[in-house]
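Next up: the structures, one after another.
One chain, chain A, links the two complexes that follow: it is found with chain B in the first and with chain C in the second.
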Partner chain A sequence: MKLNLRSVVLPPVLAVAFAALLCGLALLLSGANPFTAFGAMVAEVGEGTAAVDIINGGATYYLIALAVAIGFQMKLFNIGVEGQYRIAAVTAMIVGGAITLPPGLHALVIMLVAIVAGALYAAIPALLKAYRGVSEVISTIMLNAIALGVVAFLLKPDVFGELRANSLTTGELPESAHVPGIPLGAAGTIFGLGLLSVVAGVGYWVLMNRTRFGFELRASGESATAATAGGVNAKRMIIAAMLISGAIAGLTALPELLGRDHTFTQNFPQGYGFSGIAIALLGRNHAGGIAFGALLWAFLDRSALALDNIGVPKEIVTIMQGAIVLSVVVAYEIVRRMQLAAEQRRVGQQLGTTNGNGADRQPAATSAGGGAE
Partner chain B sequence: MTTPTAAAEGGVGQPTGGACAVRLSGITKRFPGVVANSDVHLSVAPGEVHALCGENGAGKSTLMKILYGMQNPDEGTIEVNGEQVHFRSPSDAIRAGIGMVHQHFMLADNLTVLENVVLGAESLHGIGGKARARIAELAGRTGLNVSPDQPVEDLGVADRQRVEILKVLYRGAKIIILDEPTAVLVPQEVDELFETLRGMKEQGYTFLFISHKLDEVRDIADSVTVIRRGTTVGSADPKKISSRQLAEMMVGSELPSPETRDSTVTDRDVLVVEDVRLCSLGADRPVLDDISLTVRAGEVLGIAGVEGNGQTELVETIMGIRRADAGHIRLGGADLTGLGTLARREAGIGYVPEDRHRHGLLLTQSLWANRILGYQTRRPTAKGAWLDIEGAKADTRRIVEEFDVRTPGIEVAAAALSGGNQQKLVVGRELSGNPKLLIASHPTRGVDVGAQAVIWDQIRAARAAGLAVLLISADLDELIGLSDTIKVMLRGRLVADADPATVTPEQLGSAMTGAAGEGDEE
Partner chain C sequence: MRGTVLAAVAVTTALTLAGCAKDSGAPSGGGNASGSECKLAPKPPAAVASTTAAKTPEKADGSALKVGLAFDIGGRGDASFNDSAAAGVDKAVAELGVKKENVKELSAGPNEAESAKQTRIRQLASDGVNPIIAVGFAYADALKAVAPSFPNTKFAIVDATVEGATNVTPLVFAEEQGSFLTGVIAAYKSKKCNVGFVGGVETPLIQKFEAGYYQGAKAAAPDIKIAKKYLTPAGDFTGFQDPAKGNAAAQGLVSGGSDVLYHAAGASGKGVFTAAKTAGVSAIGVDSDQYNQKTVEQERDVIISSMLKRVDVAVFDYLLAVAKNDLTKLPKVFDFSVGGVGYSTSGGKIDADLQAVLEGYKAQIVSGQIKVSDKPTS
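== the complex of A and B ==
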């Protein structure tokens, strides 16, 4: 357990510290005082709705990072979460605006539509990979580009779109589909569907650690050959992992859309998918680690505003995010290797001293003749 | 830096008087692993074949890596021809006249013999006529009788090995380390290799011959050093010591034997393979050509064959990892032909794969997680879609106990165990859940003698309890000792049967290479 704690907590802490050092240097080079900058970033959390914004942003990031992590567990790089969440969001909002249902049920149906749409869009690379061996990296990147086009098409006024306030939207959702938040007065409102992240996180942990499916997924990721010999059906795993990944990605935009915007606009933030990839890396595919990563990411996003206020280029935040991911990946790899070596040494030592067989170093049995000399 | 040309002049050994060609003193290597070298002493006289014996995992390879500059010793000194040396890399060792022929060949198949030999040593004689002349001159010494322009992929195993030897000679080696050179050869090829070695010894070359095959050691070696648990336990004159004494030095105790005599074969068919054919893309002949065999309850059916003759494919086809193009596979009356791997496992097949790292284990995961692999749908490791972690842990403890897996606990990663203990875990797992059939591919490859004994005992015990076993092994003694029936596989076909009670390894070797007429062993 002690070993475990060290291996889980130490790398990210070291990596964040190292990344902060790097960014401090970058700040110095750009002529700013790193301490003032970092101070402003931290102080920002107490300002206005910042804390709630961080929680809301973190919840969104958490969902999309989980989606990526499921693929990562079996070394499947679903770069396509970006396209999947946009397709899912726009489809869900169109369907949601078109139907009339009682409150609660309405939102539930929208969520279901988003899940199905995300999964279906992920099914394309999944089937291509399983049956044609097409690298999911290539196909999902291309599908991201296609998704942009499809969303733009769907938002056209003569298709499903509606022009409101100079921007194309899917139209306003009826009241029955709104999901109330948790109001904290002046501090802001936490999205109701933010709870979805908590549910998804717990579900993810249970799925990975307690179910046959999770075991097969991790086994496939660790050693495809051993998994095959152990009876894991590789094709089925690829398809299942991609579908689940797409389904979770499909939910990503809903906390914002159902809790605040009530419409999908052309300007809906892009890039959640790519942040999700970085956060999944940062959190090492671990439910808790990803939560930490998602909150950190949201904090950094938010602190960009603070930096702007004190005249520091806010792009420094992007540098910081990149530096953190890189440092974490490196730090984990180093710690992992050190640990394996330590464990091997420990096993060797314990066996050398404790088992009966190691102690039977009888004097060299027969040294018949001194042949070598 | 010494130029290699000094050594390349010809076959005559340097007149170094009484100095040893190689002397290792007090070599200690601490290593993240179970076996390290501690206080190893080894002296090799010039112009001799010196055998280094020890069980798998005793530390032979580490020691040779140290001598060849691939690893640095933590303590101790290395002397070559009387001078103390420090090797930082294999190129330092090569400059000092040491060459190594690895157990697994390091040749580029698509290049010719000449290209393979010259590759990386272009600075010696260029890549043109001079190099060709030098190779022609050296090729005679190694007994290599193929054109230097032939692609290596067309060569047999024995010739490839000679190309490897040629490579080290070309680089000026006078002291040649042969790492288990006979592991890949059939008995006849071993004899030819030994002829070559004797000839080269006459010309002044010194050999360090690593092996655990004692008869061969006694045949070829002038002196032998035994290594056990990472340290040298003594030297001996192979002419004066029996194989048994030598083996006891290696093991430090009594020897296990693969012998199974009392027949437990019943008339109940367990595995029936009928006319199975497997074709591969781009190959002119099928990988498996109408294979038919039957394994009965209580029977061990051994498959002998030079590696690469379809044994791996046969096993994978029976396991459902590959799909047969024709034929049927039945287990205890049920047709498995259309089923996947998991369903076949559930039907009662245990599978010890030939490469435990690639196919048998999840190396970074705990021992109990490895217990689940292949059993993720069954008790005691699962309940429906849920894993039963407590059940898996309890059963892992049982395996650790029954199969004598040496580990501090079941939470350690599989990678932290030694090869023998990993294999005991795999065999223990595959024998749990009352399988009807065990497919064991090279079940004791690369494991120490202790683990070998445990594995043999357990297979025998399961056989006595009515288990059918399909055994594939390159170790002919193991095959003959454990099997009730032996079939010989050559180029994807079962070409001969042999009776393990009467057949000798030499006869099997002939049948494996196709030298003997079909079926004449019967």
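== the complex of A and C ==
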């Protein structure tokens, strides 16, 4: 598959520019100076711990977005990553706090527990989908709500929770489970487990582009019936994709939990899963694209603080995130049509005549190629 | 000899009179005219003197202070918790000479990462802001991480204590004490001897409200039925911002027979008030005097009282203490004795008799005769 620079890079750039324009308008309407605001957003990257915060946030978003992307590759909408990462995080922290192991091994076991817990929680919608045909969208949304309740239950003081000040936590992890980061002095500390997202990213790319499994996964996404006719076991693919998705989602919270917090509190941020869906869309399920999306998302999150600091309504960032996702979808469509028109002209020139029929077939193949990338 | 007799007579008379006075008080307290109303427990003895006598306003010069406020979700204008903290700062601006331009306010976004909270605090501290007040227990871990790097900056946190950080002053409240009186009000006002509680999120903090309410209602009417509903489990903080859920929960309690509803559910409380209005029952507000709040103006005739959590008092007292450079006199817990919690009477639904009862219970709590637990028993 040839990587077409124009069709891959242009849409997100257009989308970001369009979203910036939209937010500029919103800022103008609210009485703020858009240039000061954008200036502050960019300038703060160099200040304090901003750059490190963006990298750490990006790493977390990258993991969860990869989890979503694996499902997307075969048109499975795993909305349940939200619930999967919370269940996995709280289970891993409870187990991690209860066992004693030498350093290194301890963290490894916690990671394994998180992977297994995330995968197991994803197994419920996977089995329901494979054997009962239950839409994974509905079942995962509902399981998200159930996950909230389960986490709240596990955090109760008479179950596994601990009351600390006015907050509930899973109790502090012993020293042996801490994962040291890369200290950059005053600029902050990069989470050691942030490397997980690099590993996961490479693994994802290899899995999708260099293995039979990845091929079958994408083939099932393109056309389930065709894949089945080609000898792909659809049920096995659904279950495998969901389990891998859940396993990666399970890792999401670990960089910050093992690297900084060392305990899961009831204040642990919610909504990573939903950001992950947006980032996977933004990155078009491509390992590199998602990395870009994750860092952009983390940068926008971070700039909310800078905006608040100069008195600009920070809600503008939420508008921007929404606008980017919306316009990236539109931008891909526009670029696809532009390419289609260009293709038509090229084919027309080659045939010496503008034949509508020939032009129609050609672009269809192009768009399929672009979609799978 | 004669003197002794006289004295004895005098003492006896006094005792008898005192006894009479006590006796005559009891029947009205235990009055149970209508069969379905609560059989009320004997009223507490009247409060001897106003225990929260107005303190003479202390003077201090705060003109050199650069005050930072890190709000929780909602920020200034949430008509609740954050606004109350803002009011404390506004009072400091008016009375301590803190310069308006030296007050910096930042607020949190929903579902933000822990690093965002740390950054907000660090941003303020490295800008030279001192003191910094973090509003809400969600800042506890952020302060624990950041405060040690700024040993010369004074921090305060509302609703939490941060262990191990000596420059962080906790501003915590005895919500259970204020809620105790709310429970008493509910018991006196209920016609069916059945009252309800709506909690926003089932966190230990909101359980303090529930616990106090329960004990107060039981103290005033031992046979009373108390129902409770929480909107969301711990960890899901949408329960503080979901009036529709508040409405549904309140309807559920009303159909279960409750006719006085107390909410500790933040912005979801509006839903509780609308449900109360539709069903024709009474409701009790929380945190600030909700009868006078713009956001619930439409429903205010059902609000018979509000449990006041005086974040403004705590914030002001803290700023005063900082201005005087003496944090040692600041109360460990803002309770009845320092006016940190209380009840409102706006709307005229709390008559003088009931107020006397409330003041009686309050005096017993302050004196330690009644100990209000902050953990729910049921």
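Criterion: the second predicted complex is superposed on the first by the 333 of 373 C-alpha atoms of A that agree within 3 Å, B and C clash if a C-alpha of one lies under 4 Å from a C-alpha of the other, contacts with A are read in each partner's own complex, and residues count from 1 in each chain.
Criterion: contacts are C-beta pairs under 8 Å (C-beta built on N, C-alpha and C of every residue); 3 or more make two chains touch, one makes a residue touch a chain.
The structure displayed is predicted, hence computed values, not measured ones.
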Which superposed partner A:Gly48 touches (first chain B, second chain C, both, neither): second
Residues of chain A at both interfaces, chain B in one complex, chain C in the other: none
Of all residues in chain C, those that touch chain A in their complex: 106-107, 109-116, 118-120, 122-123, 126, 137-138, 140-141, 145, 159-163, 202-205, 232-237
Contact footprint of chain C on chain A as seen in their complex: 48-50, 53, 56-57, 60, 86, 148-149, 151-153, 155-157, 163-168, 256, 260-261, 265-271, 301-302, 304-305, 308-309, 314-315, 317-318
Of all residues in chain A, those that touch chain B in their complex: 209-216, 218-219, 222-223, 225-233, 340-348, 350-351, 354-355, 357-358, 360-362, 364-373
Chain A-facing residues of chain B, complex: 32-36, 42-45, 50, 222-226, 229, 233-238, 240-241, 245, 248-249, 252-253, 319, 321, 340-346, 351, 353, 358-365, 369, 372-374, 376-377, 382, 385-387, 389, 406-408, 412-413, 415-417, 450
